[in-house]
């Protein structure tokens, strides 16, 4: 998976929220084989040396930190947050999310488009959380976003891909990577996303809130690989009736 | 997965029909990491040394051969077929299938019960292809079958699990391994079966009729492992609304 | 819908359990436009004149009473129950159900087949509750059952049709009426059953346990009619992409 | 259903495209019991007296004509089209659709918002075709649209509601009527929309391209009524396991 000119072997991006502690978070990243972690700029502790710091657990030299704008509800808020992040940590590759309300945590696509435009003009490489609306996804790509990240279902819902048709339409038209960003609940959800042709999957709650997060992280690593391979392999056609595995004609 | 007292690391059983040739079949078994292959007794060549023989490609010392009764439509037919197989190859662990019609290739459960009873009395270890009817599955287990193998969908259809409720009911009540046996089409189908709590999956067409069977075999290996890990990890609960990955309360 | 030589305009059969009282039950039958009600022989009061009696609320001269064997777990039990019913009420058209366990209330198909055979030999007209296994459904039809009644989902679950493929397969092969018998939860479930080509639907809990049973009975009446009409009308084909309602070529 | 201050008994709006001829269209409207028909302003013949005219078949005094902007791809185009319609026919209640591309016929929500704002400022009552994005739906309502009309699936696809969660979210938040506008394929699709709590359904292809459009129109009429009644009646809860219709405790 190549994003903003940099190639990753892993197609699984994981989050850094909701874990028991930073050690568990780091172990999950390791088990998931993730090469990118996303970090809520507003939430992560980067300045108070008395509190535990993520960078002591997940080495930014080995794992790409992808700052995100979780908690931002306007374009201005999101742009300001990412400028602060760039000043503090030099991060240029970012994940933009501008939320529309607290019940759904769906993106406000108007604000998202405005923020994306401002950030790209400002030199950021923008991966963008968006609805599964193909028309909006195209506008974001035309603005210059380097990855399109449609939601599968509400953030943290674990419901899996609600509208595979829209995800497929977005993939068919996109020339940049498409990653499913929210709503994955278990391994098969991730496999389905990849079988549709996604370039990758981003998840947080599905791992962090599994009973055994480390084991689920391993499951997700394998599921993403399985789904990718199945997509590349080209699945058998679906058939309405049965078709014997062992044709016996003329044998007995 | 322990079947009839023997433990296997792999939970994926693959078939030996529909491949381009025996070499491709062997390569798919290898890529799938399968430790059991199922072989249609009526179809496979075990006696004519001029024709290619499966045992020259897949080593029976390394991979368990599981003879099956594909093409049998009565209990008598199935019992006779497996007795011949035992005489010829010494096989005692067998997969029973007694078909009900050619359109669905669904099992005839009356004949299946009769055949299972006769085979078990005759000392066979019987893994049994059955419908997803939990009441019938229980009867088969009570007769002494060593593994219950309900269908996901018609053989060769690739439609995936049609009735997850029934598969779950069968698993909840079973004390022997439960393997989904027919109808898997792609990697996520296999993952879903394992996430329901199945002990394993048997498939043939999904691999053999993929555009790239070897790559699909690898996908299936990973999908079965992913689904098993996700089942063991204990998935997050599904939620009706969103739940933020990055709670921000009191942070800014 | 013609069953056992008698023609009904209504395709909706309703039950007589779980209602607040017999008056509500009668009102629901009226609202549903049902011409057949099914009655659990073991449960209904037909002999104690001090208790309220169903016949005082639903006139057996206007509505066909269909005695059923709810609560029977063996063929003998079911046969005995229906013989008593025939002696008591002269009922010859009956609904056979022989249950397999209390958790699923799925039929035991072995016992069901035995009971059906005995009852048909004994001159009953047998409508039969069964799994959605097409092979078993065919055996029941070959024994002489006058209607095949596969379950949509567990009795009282309200989950709707779990395996439309199996219902379709049963319909394709049947020469007698096919009615979905259990598991319908709301109006669209009934419509879907009819759109698959069912001849009718039997339900109890979906009406009796709705917040407003009478209104739900009306909903079900309309849904069954809607589904039947849609089946006869022949639905549009599904398309992968959009197709404009208002082609504009050359108009502007 | 009350839209823009006017109350309709029917909750089914039908289109005027794709029919064999205007007589069939009129018969379908009649069979559907529709009180509103939607008309593509760019397509309908309102000026050439030598060609057949819709108003000769469907009486605008009895049936509300709802002009729509099918074929418009920009806000300007849509606004201009509806102004012409108002000048020609005095129509003030309109259906706005601004399309994003020809493959999906999904709305361009940016252009749709712009057009809605301009039309409302201009005194139109605007019913608006939109994606199923609840955040965008809310913006349209806040602009003053008098009905929100999210798509179920691509126009003319007949795929039914792809994302019931989004439709439900839109309904929960809306204070104006919500009507599903595109993608319905058969009767149960319409019933499902109504069971989710929609105020109405608009369809064209599902009726016009059924093998028997008139019969399908009748089916849709009943399905919409059935779904509405089921919604008002309050469906039974779904249960994981069976629940007997005929409790027998202590009776035998």
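Each chain gets a letter, A, B, C and D, in the order it is written, and its residues are counted from 1.
The rule is short, and it goes like this: a contact is a pair of C-beta atoms (placed from the backbone, for glycine too) under 8 Å apart; a residue touches a chain by one contact, two chains touch by 3 or more.
Quantities reported herein were computed from a predicted structural model and do not represent experimental measurements.
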| item | value |
| --- | --- |
| Chain D against chain A, contact positions shared by both copies (same if over half, else different) | same |
| Most distant chain from chain C, judged by the mean position of its C-alpha atoms | A |
| Gap in Å, rounded to a whole number, between the CA centres of chain B and chain A | 33 |
| Centre-of-Cα separation between chain D and chain A, whole angstrom | 34 |
| Centre-of-Cα separation between chain D and chain B, whole angstrom | 47 |
| Residues within chain B bordering two or more other chains | 103-104, 106, 154, 159 |
| Residue ranges of chain C touching chain B (in the complex, touch as defined) | 100-101, 103-104, 106-110, 113, 131, 133-136, 138-139, 153-154, 159, 162-163, 165-166, 169 |
| In the complex with chain A, residue positions of chain B that touch it | 15, 17-18, 40, 42-43, 68, 70-71, 102-106, 154-159, 185-188, 191-192, 195, 204-206, 208-213, 215-216, 218-223, 225-230, 232-248, 251-252 |
